[in-house]
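Single-structure report; data block below.
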Amino acid sequence: MLDFTDVAFDFSDKPFIAGLSFAVARGEVLGLIGPNGAGKSTVLKLAAGLLKPRAGSIRLAGRPIASYSGRERARRVAYLPQQLDARLPFRVAELVEMGGYPHRGRAPRETSEALRLAGLETKADAPLGRLSGGELRRAYLAMTLRQGADCLLLDEPLAGLDLKYQAELLHLLRGIAARTGTTVVMSLHDMGAALWLDRLLALKEGELIGAGKPRELLSEELIRKLFDLDEEAAWIFRPGAGLPETKAATF
Amino acid sequence: MPRPLLRLLVFALLLSGPCRPAWAGAPERIVSLAPAMTEILFALGLGEKVVGITSVCDRPEEAQGKTRVGGMSNPSLEAILALKPELVVMTTDGNPKHIADQLGRLGMAIHVFTPRRLSEIPGGIRELGVRVGAEEAADILARELETLLETPPRFAAGEGPKALFVIWPEPLIVAGPGTLIDDALTLAGYVNIAADAGTAYPRFSVEEALRRRPDVIFLGLGHDRDNPRTQRLLQRLVPAGLDHPGRIVAVGDALYRAGPRLPAGIIEISPGQSLEKERAAR
Amino acid sequence: MKRTRMLFACAAALLLALASVFFGPRLLNPLAMDAEARQILLLLRLPRAAVAFLMGGALGASGFILQGVFRNPLADPYILGLSGGASLAAALGILLAGSLPLPLPFLAFAGALGACALVAALGRGPEGLRPDRLLLGGIGLGFFFSAVLLLLMTLASDGGLKRTILWMSGDLSSANWELIPGGLVLILGGLALALARGQGLNVLSLGDDIAHGLGFNPGRERFFLFVAASLMTAAAVSLGGTVGFVGLLVPHAVRHLVGADSRRALPVSFFGGGALLCLADSLGRSLAAPLEIPAGVIVALIGAPWFILVLRKKGYGL
């Protein structure tokens, strides 16, 4: 569905991502993990065509992403940034309606269906400003569902949500991927939530340092390397062990 | 007494010198802060003594070489001081009060011309004449205006031709109640159709101008018939039947100022004169 | 349902504007009109109402567009230094009257459009028009224009210049039929362009990244919408000078009424702005007749308290 081959990207003339290659299959739910500044958001923006790579190729359904017209691309891939504006004068249904724009009125999914998929049937007429954090996420998600893209690129969709909303949203995304064959690529920070995805890519300083199924990839060693954790801070991965002695003593 | 203190005292005495009312003699150096005052001073034969005028003083011709001290509402105090005037002549019609206060604090002798209505002008001119030592010339000037003021009106009150005096055509601004123009119109026997407008120079309703059917429309300085702005106004007033010759009269700015040209301005708008002039032009 | 509501709002606004024609220093009875009343209606009130409607409509619609383009609920058509440009061009035209015999509306239009072009040039970044740069450019340029204007007024001894500035501050009483065709073409052209970009206007308020994700080129959309708003505002200025507050007030009221979807809100902003200015003008010419109160004063007198009340009650943003 989405192929990165030897992609390089510079940030203000400094190499930021170099030689990045990976592929995402149709219907897969992929997570990008890594510390702040690892390049997760940049990878998503490159995939969305928001940023242009310096070298390498990014292909969407076999075609270079740059060769798509705006409208064509939007029918294939949908993108949501981490910050979603709630201070907009629109109602939920009006926002979701905009997902149909790339299709010139022949959207593959009706607004009502997108709302139902996102579990927002009862909130159609609510102003965006009155929604909870989780509902706001789902409202924007419903917009991308109406957009009918086969690839969803979501930057930190779980950030700022409590456990219940995180679980609901993950469940929703998995359900959509399973039922419609939609590919989902998301960046995330929560290693607990990451366990529920199909596959993870571990990024550090613009380089891929690991990839694989969550339970195989997320070893203590990888996480320590990924986040530069020292021996003492890694206690977090030994739930039964309690606080390290030295730290505990000083509290 | 310590010397520095003595010096200070002498200095203070010197400074307070010009504060003494300078009634002793006629002022030799006069600054005028209004076009009307400049015109009066020149008409009184004091052109030589006028050392400063404002940037809007455009008459008479001989005044054009004089030093300018700034605008009417914002003259430069420094420029006035630099001219070392023995008298500053001001008017309540255009000079802000705070300028007079400041000049007073600086020890300047000032004369403020207060009349705003036509009937008060002769008195004002005489008063100024006394102040500047030109009583006789002022008396002649005042008498000229008084003669016209004493002429019995041609029409009974409220029965004369209806008139509108246009100051600016777009937006329509006219001479309202309380102005010299209104007084002059009344004196000449007209009924000013904008007399009920509440303010001196109202933005007047074109509709009402049309509906009140003025017999004569006076066009103030700069708005003769050839001006496109005036043409547009007149076009809209066509239904009032103004195409008749002699009903639209372009006049000068004599009535805009409480100056020596007021008598000429009154004669300019007097019914017989203007109608004949218009006919002669055709 | 929302469509009916929009059509209803537009029709009501149009009716209100038409009704305002009969109010003035004296009431006109549409059923019993004598020759004089007919003349007043045809010669004075109808062109005046038409100019007020076009002008108010242009200001309301471009206010709505610019609030969306700038993602700022305080944006207003004059934020682009446009009224300053228009006044300055008109003033220069009058000072150079001998060598430049152009009519005032034409000068004002050219000045307003010139200001827009300058603001657009200042607002260009590598990725097209940027709202923050446009805003800063517009405000900075506006201050510069008014400073030059003030300078000219201080230096000039010509009373005509001051009166022209008075005209620039909004005069509908000089309206005549000649002005209308040009204004109509420009304003309807701008409105049509903006309506064609209605989807773009909607997605721009979601932010550039999402707009891009939906297949739009934000810089391009902003450019077209900016051109549309500039055309309309410049035409409005040339019709009757600057009338404040319509462009700020009307879009807020409209969002309140029919929602923020520009394909509904834009037409309603146009009709609503038109009706508001017609109404304000008819009040302005009636209340203190035969004295005329400028329509802009009436708009602000009615609008400001309503605006504050709504903001206090709802506290909603753009």
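General observations
Per-chain numbering from 1; labels A, B and C assigned in written order.
Keep in mind that, in the parts below, contacts are C-beta pairs under 8 Å (C-beta built on N, C-alpha and C of every residue); 3 or more make two chains touch, one makes a residue touch a chain.
What you see is a predicted model; the values in this text were computed from it and never measured.
Ignoring subunit C while keeping the rest fixed, chain connectivity by touch breaks into the groups A | B. Closest chain to the protein centre (all Cα atoms averaged), using per-chain Cα means: C.
Remark: subunit B and subunit C have CA centroids separated by 39 Å (rounded to whole angstrom).
The geometric centre of subunit A is 43 Å away from that of subunit C, both derived from CA atoms. Averaged C-alpha coordinates put the centre of subunit A at 79 Å from the centre of subunit B.
Note for the complex: subunit C touches subunit B at residues 24-26, 36, 39-40, 43-45, 103, 154, 157, 159-160, 163, 166-167, 171, 173-174, 176, 285, 288-292, 294. By the touch criterion stated above, subunit A contacts subunit C in their complex at residues 45, 48-50, 69-75, 77-81, 83, 85, 87-91, 94-95, 97-99, 101-102, 127, 129, 140, 144, 147, 153. Listing the residues of subunit C that touch subunit A in their complex gives 199, 202-203, 205-207, 209-210, 212-217, 255, 259-261, 316-318. Looking at the complex, you find that subunit B touches subunit C at residues 55-56, 58, 71, 74, 168, 170-173, 194, 196-199, 202-212, 222, 228, 232-233, 235-236, 238-239.
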